[in-house]
Amino acid sequence: MDGLIKAINLLFGENPELRQIIAVTLRMSLISTGISSLLGIPLGALIGSREFKGKHWVLRVTNTLMGLPPVVGGLAVFLVLSRSGPLGTLKLLYSVTAMVIAQVVLITPIMTGLTATIISIPAPRIRETAQGVGISAWRQMGLMVYECKSQLVSTVLVGFGRAIAEVGAVQIVGGNVQYKTRVMTTAIMMQTNMGKFHFAISLGVVLLVISFGINALVNYLESRGKA
Amino acid sequence: MDGLIKAINLLFGENPELRQIIAVTLRMSLISTGISSLLGIPLGALIGSREFKGKHWVLRVTNTLMGLPPVVGGLAVFLVLSRSGPLGTLKLLYSVTAMVIAQVVLITPIMTGLTATIISIPAPRIRETAQGVGISAWRQMGLMVYECKSQLVSTVLVGFGRAIAEVGAVQIVGGNVQYKTRVMTTAIMMQTNMGKFHFAISLGVVLLVISFGINALVNYLESRGKA
Amino acid sequence: MIELKDIKKIYDARVVLDIPHLVFDLKKRYALIGVNGSGKTTLLRILAGVLKPDSGEVTSSTPNNMGYMPQSPYAFRFSVEKNVAIAMDKEQVSKDQVLEALKAVGMDHLQHAYGNQLSGGETQRMALARMIVKPCNLLLLDEPTASADIRGTSQIEKALLKYVDDNNCTLILSTHSPAQALRLVDEVLFLDEGRVIEQGSAENVLHHPKHPVIQEFLDHWKI
Amino acid sequence: MIELKDIKKIYDARVVLDIPHLVFDLKKRYALIGVNGSGKTTLLRILAGVLKPDSGEVTSSTPNNMGYMPQSPYAFRFSVEKNVAIAMDKEQVSKDQVLEALKAVGMDHLQHAYGNQLSGGETQRMALARMIVKPCNLLLLDEPTASADIRGTSQIEKALLKYVDDNNCTLILSTHSPAQALRLVDEVLFLDEGRVIEQGSAENVLHHPKHPVIQEFLDHWKI
Amino acid sequence: KTPPAAKIENPVIRLSTTTSVNDSGLLPYLQPHFEADTGYKIEITSAGTGAAIEKARTGDADCLLVHAKSSEEDFIGEGFGEERLPFMFNYFVIVGPEADPAGIKDATTAAEAFAAIANSGSKFVSRGDESGTHVKELKIWEDAGIDPTEEDWYISVGAGMGQTLTVADEEMAYTLSDKATFLAHDDNLKLLKEEAEDMKNTYSLIAITPERWEDTNYAGALAFIEWMTSPKALDLIDAYGVAEYGEPLFFSMR
């Protein structure tokens, strides 16, 4: 309770830091969800919409990558972006960009796998009809995505949930640098390590409220889109 | 490379610790995935199979909880299980049971949300047919789950992926106690903290291989089940 | 007696069903006829309780033990046998009864096949077996023979008449075949744009329709 | 000329299609007739290339610009207009053409309705409009009027004949109506348990069948 | 020498400690000796100093091993712990890039070194997590008469020592670290400044009072403290790290 009041004070009071942290959090989560969706949905649709040799193995690998430990994914990105890594010269480490990259690595397999699972349900019927009028495999894929729109919106929200809730990777590649790459989860982690458990939980509640707001907004936009 | 060799040595060499860590990891991930599935799939089926007032809000809340930051979930479980918490007398903190509880808190919303999304696709048609022969709403739910079996198996694998990959919550409630609650991810985290990145990554690769094995096994069992 | 009062179903400002008053007598057989989109399925779904009308209500003089077969029945991913047995309560399931129902619709040879792998006509027949495997006193069938071949249609019609007789059952079905209506039912309801524009004995409505729309429609009735 | 050689389709050790040799001449009209499960859909799907036979091959003397309508065509969650237009390449889409095709099957009044909210017969008609909105030289239709009402059936048959004439198109359809076969096609292939047991002019096969199975089958042909 | 296990009522001791003692490998190194000598089993959980103390507050530890004097005194003042027993120490060190752009090697005190860093505008990574190390760092800035918090060369990461060292390594920046963590951490940083008295880092043991939670293993905590302060344990501590790093990581206080 005390922690919650403190968090709300931080949020609406004089101290602008929480607002700044929320801004970075949203920027990072939204951009990485966007990029992951743009990569994962087409890829998942590709896998889910067609029958091909080795599909089983592709699905297994995707499923496995869905369980890539964030710390490991984060470390891999770290090693690539680090000074001694192949992309070290870009000096991206400890930036929001680096966090977005790590998130994209983690979320894209999730978007891919879930999309493939969902698309595979109506795929056979759509394929038969679409092939019958000579629609190219690419356009078929597009039609399948369209037909599963509302389920895929849920998938995007799952991705967003992961992005906003993740801490391991973001901590490693973002570094939790104050005023720069500190996001809600790394701030929560920091409070936790400082033993301020209730304050950490309160920040968590603030994060959930934001998350819920985004969910409600997306659902509202989607239901309006249905007309 | 060096790290990988070291990890493999640890795995197959004299040192039995890695094997013990893997055993704890599997025990924790499998049990928590099992419990979450037993809770989340029926709950998701309940939500996905019916039309009721406020369904939208239930879905939004579920979606939001899918994005519960592991650290926050872990902290909440910590505060409940801690000696000063309501369930302190059970002395569950720093045990595999505590880790399982935290994982269940984190994974159940995911299982619920994904199940609801998937079940909602064939639900209307199944409902019309089943209602037409007087099948109770409960049995209808069972039929829907059955019809989505292979998609729900994917969902369970998603849950397992989360369970085996999660570190934040498990660290807080499990405490990373050697020979007791140390799992792959907390071990990886520890190596990371010591700057032993390549060794950490190698442990991550070992974890992914295990994950892949479980995936392949489940897929194999499932495809055999189809006959 | 099943009575409909002021039933209306509206989709996007389009009235697809509008029935001020309609009565189905018990133990009688009815056919719904009308062009595509005239509201047959909508009416059956409302009677079956799987669709809520936007206004009005359906009342019944006796408690109904109802069976309803949708236009595209769902076939589950398990054996045909089991697909039929789902209609029965777990304790009641009798292999003989299931097999008998399958025989009646000419599907006994496929009892072990997977429901979801059947052909169109086979699926419809299986769904019919599911309806007649247990007793009911109100049977609602949406185009029950649309996908059946002509031999199958004969067989199904015979099975249906037997079932309705055995169970003293009220039958309401929709069909695109006036000939089938003449063979199966007592009364025909002709639907047009969501309204029942004529109701009467099958003979009267299909051979001596009063309404010019029906006359024009029946001009297309060929062999 | 479309030639099938040694075509076999086997599901779980059951041979559902077995065609040692079969030829379809170009610009001719064919009907597949047979009981449920005799293999009509399987044959059409193999001809359409949406199903791979377990052995044998289909060869064609000329490149085919093929159109195939499945037994349960898919209706997309957008307008009827757009559902029809998906058959055309993006650049070609002409509103007039779409409307014309919809008119031909009696669906122009529903052009703005959602495809996935149509009735059974409406869905089938829309799917037919999708087939005839653009030219093709091989048209494969699986029970194209199974869900259509009798007026709709007349209308569709007229539209189909016109389309086939206009496009000089080979037509292969399946049907459960011998009468429809007589009205629409030159040749009938009678399928039984996956085999073509008789092939010949519609008149011969349906009025003077040689095979006793067909004779027995046609006994059920009523008005 | 092993006392019979039957005499021990509750054989499990929950020790809450900071990452530095655990990740440096000291505790895992001492643990088997302690367990063999006393028959107790010790469960070590490590976290940031604040969290480590907080876990003792919530009753989830029997014994505390930390290095933050004022927090420890608060803890005892609130009646959670019995007595603070300093038993070993090491030194904070200033580490940085090998090139040492600020030239802190020539500084005589830590404050002087910090001033040199500030003057050269070289990057400095701060733990920023209110840990003992962070508090020490702020104290040195104060001594140097500099407020770095608004400077753009000052990177506050809010993280543990290991992560802070990683950031410093990547950013080619300076940072203040405890020596043990620095030596155990793999990086390219160089130890540039090692001070005596004003950079001392003292570790203490605190037994949690059994008054609050009746099942607190007070006897176990006392046994652990007794063993840790025994000549044998102190010798082990003084020897730890010599083989690997050529010098001890911790120094016992006798």
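The first chain written gets the first letter, and so on, giving A, B, C, D and E; residue counts start at 1 in each chain.
What we mean here is this: contacts are C-beta pairs under 8 Å (C-beta built on N, C-alpha and C of every residue); 3 or more make two chains touch, one makes a residue touch a chain.
Please read these numbers as outputs of a predicted model, since none were measured by experiment.
Engineer: What is the minimum number of touch steps required to go from chain B to chain C?
Structural biologist: So the least number of steps between the two chains is 1.
Engineer: What chains, if any, are shared contacts of chain C and chain E?
Structural biologist: Per touch definition, common to chain C and chain E: B.
Engineer: Specify the chain pair with the maximum number of C-beta contact pairs.
Structural biologist: Most contacting pair of chains: A-B.
Engineer: Return the distance between the CA-based centres of chain B and chain E, expressed in whole Å.
Structural biologist: 35
Engineer: Counting only Cα atoms for the centres, state how far chain A is from chain C in Å.
Structural biologist: Here chain A and chain C have centroids separated by 49 Å.
Engineer: Could you tell me the distance, in whole angstrom, between the mean C-alpha positions of chain D and chain E?
Structural biologist: 81
Engineer: What are the residues of chain B that contact at least two other chains?
Structural biologist: 79, 122, 192, 197 - these are the residues of chain B that touch more than one other chain.
Engineer: Mind pulling the residue numbers of chain C that touch at least two other chains?
Structural biologist: 72
Engineer: Going by the touch rule set out above, which residues of chain E reach two or more other chains?
Structural biologist: 55, 57-58, 160, 163, 169
Engineer: Please list each pair of chains that are touching.
Structural biologist: Chain-chain contacts present: A-B, A-D, A-E, B-C, B-E, C-D.
Engineer: Can you check the complex and tell me which residues of chain C touch chain D?
Structural biologist: 11, 34-37, 41, 71-72, 110, 117-122, 125, 143, 146-154, 176-179, 183, 216-218, 220-223
Engineer: Taking the touch rule as given, give the residues of chain E at its contact with chain A in the complex, in rising order.
Structural biologist: Its residues touching chain A are 47-55, 57-58, 128-131, 155-160, 163, 167, 169-172.
Engineer: Can you list the chain A residues touching chain D in their complex?
Structural biologist: 122, 125-135, 139, 143, 146-147, 149
Engineer: Any idea which chain B residues touch chain E in the complex?
Structural biologist: Residues 79, 82-85, 88, 91, 93-94, 175-178, 180, 190, 192-197 of chain B touch chain E in their complex.
Engineer: Which of the residues in chain A come into contact with chain B in the complex?
Structural biologist: Residues in contact with chain B: 56, 59-61, 63-72, 75-76, 78-79, 110, 113-114, 117-118, 120-122, 148, 151, 154-155, 157-158, 160-162, 164-168, 172, 184-185, 188-189, 192, 197-198, 200-201, 203-205, 207-208, 211-212, 215-216, 219, 223.
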